[in-house]
Amino acid sequence: MTDTPDNAAAAWPIAAAMLQFPGTLRDGTAITDAGPDHWRRLLRRVVLAGFDNVEIPSAWLRLGDLSATALGDFGAVVSELGLGVPGITVVRESIIHPAQGSQNLAFSHRTIDAAAELGVPVVCLGLHDALAPAQRDVLWFWTQAPPPKPSEPETYDLAVRGYRELAEHAANVGVELSLELYEDTYLGTASDAVRFVTDIGHPAVGLNPDLGNLVRRQGPVEDWRDILPAVVPYTNYWHVKNYLRMEHENGTVFTAPATMATGVINYRDAVTMALDAGYRGAFVVEHYGGDGLGVGAMSRDYLRGLLSEELALR
Amino acid sequence: MTDTPDNAAAAWPIAAAMLQFPGTLRDGTAITDAGPDHWRRLLRRVVLAGFDNVEIPSAWLRLGDLSATALGDFGAVVSELGLGVPGITVVRESIIHPAQGSQNLAFSHRTIDAAAELGVPVVCLGLHDALAPAQRDVLWFWTQAPPPKPSEPETYDLAVRGYRELAEHAANVGVELSLELYEDTYLGTASDAVRFVTDIGHPAVGLNPDLGNLVRRQGPVEDWRDILPAVVPYTNYWHVKNYLRMEHENGTVFTAPATMATGVINYRDAVTMALDAGYRGAFVVEHYGGDGLGVGAMSRDYLRGLLSEELALR
Amino acid sequence: MTDTPDNAAAAWPIAAAMLQFPGTLRDGTAITDAGPDHWRRLLRRVVLAGFDNVEIPSAWLRLGDLSATALGDFGAVVSELGLGVPGITVVRESIIHPAQGSQNLAFSHRTIDAAAELGVPVVCLGLHDALAPAQRDVLWFWTQAPPPKPSEPETYDLAVRGYRELAEHAANVGVELSLELYEDTYLGTASDAVRFVTDIGHPAVGLNPDLGNLVRRQGPVEDWRDILPAVVPYTNYWHVKNYLRMEHENGTVFTAPATMATGVINYRDAVTMALDAGYRGAFVVEHYGGDGLGVGAMSRDYLRGLLSEELALR
């Protein structure tokens, strides 16, 4: 295969997200415990939707909790299906949670080992935690304010030390960590995220500039054109999703999930910025709302087209 | 043709809706009276948009009012165009309307005879009536409250008896009836619809789970994930359309028509649920707003893809 | 190539808009001064997005300010890229601006000469001016009221005389002018626009029925179905774009850019109306918001499909 822009774009890892896949079978069995036949059956949906890469979220399958045998089975399933796994994501399990922090930290460590075992290059982590009840009771969880970020310096230091410890582990086994931007956390603004990743100060830690997490807030937001240039030098993994924003002169804002091409983030420009800054990592196409997998497939095709056009210009 | 998932999906009847087709020619002639040359000319738009099936609504052409000769002409036109007709719909002509109820009932009877004559398997009926003036004066009629459903038990009994009478007729001529879910009618919630179809209690009567009619309300709504499982055992015909919903923490809700893939209803999951429950009937792709026929064509292609993926998993 | 509907649709000029292309290079150099290598590099994006036609806006490159040599260089670039230029647009540089009016008029004259030199058939002009600061500070500029249209009859007369003078010049060099509909100007309603173009009364002046400029207002708007029939007899150029509109019974309205197929304007019907009225001019596919060039490419393909279907019916 000659290295044309089309070929290079076709080879770029663009992974399905599994946001709409529940963590249990209908009978209540955890996917983690369901075994290879169920994993194969469920992941075939991703393959049939045209994906050759998939991100494995801990909300669906807790790879860090699998036995060595089960992890081998999982590796065989994805291999048999022809699926690459550019990343494992552990979110809404914060390592600074007042009660579950230390067990979340331990699970993050185990997930890094699982990634190393499977040859997955990135583990994505975040400081946002389980949805509050008020967030679970509404159509779109981001329309309710999340808990504020902790104000005590000790907690900040705990987070820095925790990620540094995880990074050291990750580096030792050949894995990178990527911290996901998310509102009302230490990763909630461009400057906070840069400060946080700089304070961690470890070469195995980068950022996941999930701009959608920030622009969907139904209130004032930072302009994504200011966020991305600030964080792109640290970017080593990328959740892409987009939102419609409507604003009224009385200050009211409404948002809703949109396709990657039609939301407020201009991903043509965003991809150009990232490639200019040397980004060569994976993309994960997320979408809340209706058919997330189907819209993800549209985003994948759109993104593939963008990459092909962008690479042809270089 | 071997029975691959792609072939089975390609053969599944997915019909164009004709929501944007006016009931009169520019000179004021009713389409019903316009004759085969006009019918052919207008239906060619549907064919050129890539459809091989179409639903005929009484708001466009009143098949129940055609003479035997004219009905034969109509059958020849659709046959010549290669169009299947999986359903005829008579809506906004309620059989319990205080003044027009009995003539609407009579027209429903005549439409069943027309369906039988044309070999159309389903007549879709509904309890919602002509739009109120306040609904006609706004951009989206569902942003204004419809009249409340009648509260007198006699009216409910009249509806049950009327549909039972129509069902008896339909069964005698080999036609099924499908009652369309619609807000503020006896078919306005999952439990009301199930109660109503159960009270009719006739094997020739099923439901059309037009979820879009319910989720577009600019106020609180039932979750479609609760509605569909309740009504799917009775489903024998299906209007599919989708909506964007935006909700504010102050309680304000805005909705607008969306493409089938991008609205709040996850049709991938909905189709899975329906096929699991044994649904093998037709789909009609509706869309209000801009180019309903064009968006319907997108929905048709999207739905065809979903069916192909879903059938490959079985 | 035989003259099938598909071929005729494929040959119809549908131009990219360059709304998202900034007027300067990163180092601050004006595109106008950047020279042919930069013009070629930037216009290649348009070609890679699949366009064979492009509209040149003065906000990107001021063709009227180029030397004869530079203009020749520009013509060579577009020719080499295989791009047609069906129109040059000069907007937000009103000829009745209190301070800059006369220099804007002079620039419009020079742009007409540049169009003639390049063989561009249409120059598009408008009475809307530079965005107000309050409009520049918000996500969507149209959510803030623009300045009202001038009320003094002398200003109206000045506008009529100015355009008549430009029209006379244009006619002499084989160019047409097209005036763009825009809210709160003499071209802000169907009746105002017809009156204004009639008062100018010159065969070289027509209208650009940019319906999106009117329907996106977050307040009451004229129905596009009333606007287009009124202005279509004067139409000689056409900016097409679409918007989502959400309306609440409390009177609040929200709008956002939408794809051409999914917004409130039914472009299938709009194109039918225009072709019935004899429209054979170019289309320019505009889109604000995210990836305007990418959404424009989708609009181009959608519009090409519509034209093919519509021509097949004739």
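A, B and C are the chain letters, set down in written order, and residue numbers restart from 1 in every chain.
The rule is simple: contacts are C-beta pairs under 8 Å (C-beta built on N, C-alpha and C of every residue); 3 or more make two chains touch, one makes a residue touch a chain.
Worth saying up front: this structure is predicted, and the values here are computed from it rather than measured.
For the pair chain B and chain C, the CA-based superposition corresponds to a rotation of 120 degrees in steps of 5. Copies chain A and chain B of the same chain sequence form an interface built mainly from non-equivalent positions, shared numbers / all numbers used being under half.
Centroids built from CA atoms put chain B at 40 Å from chain A.
Shared interface positions of chain B, i.e. residues touching 2 or more other chains, are given as 244, 246, 252, 254, 258. Of all the residues in chain A, the ones that touch chain B in their complex are 20, 41, 44-45, 48-49, 138-140, 143-145, 218, 244, 246, 252, 254-259, 289-295, 298.
Contact residues of chain A toward chain C in the complex are 242, 244-249, 252, 254, 258, 261-269, 302, 305-306, 309, 312-313.
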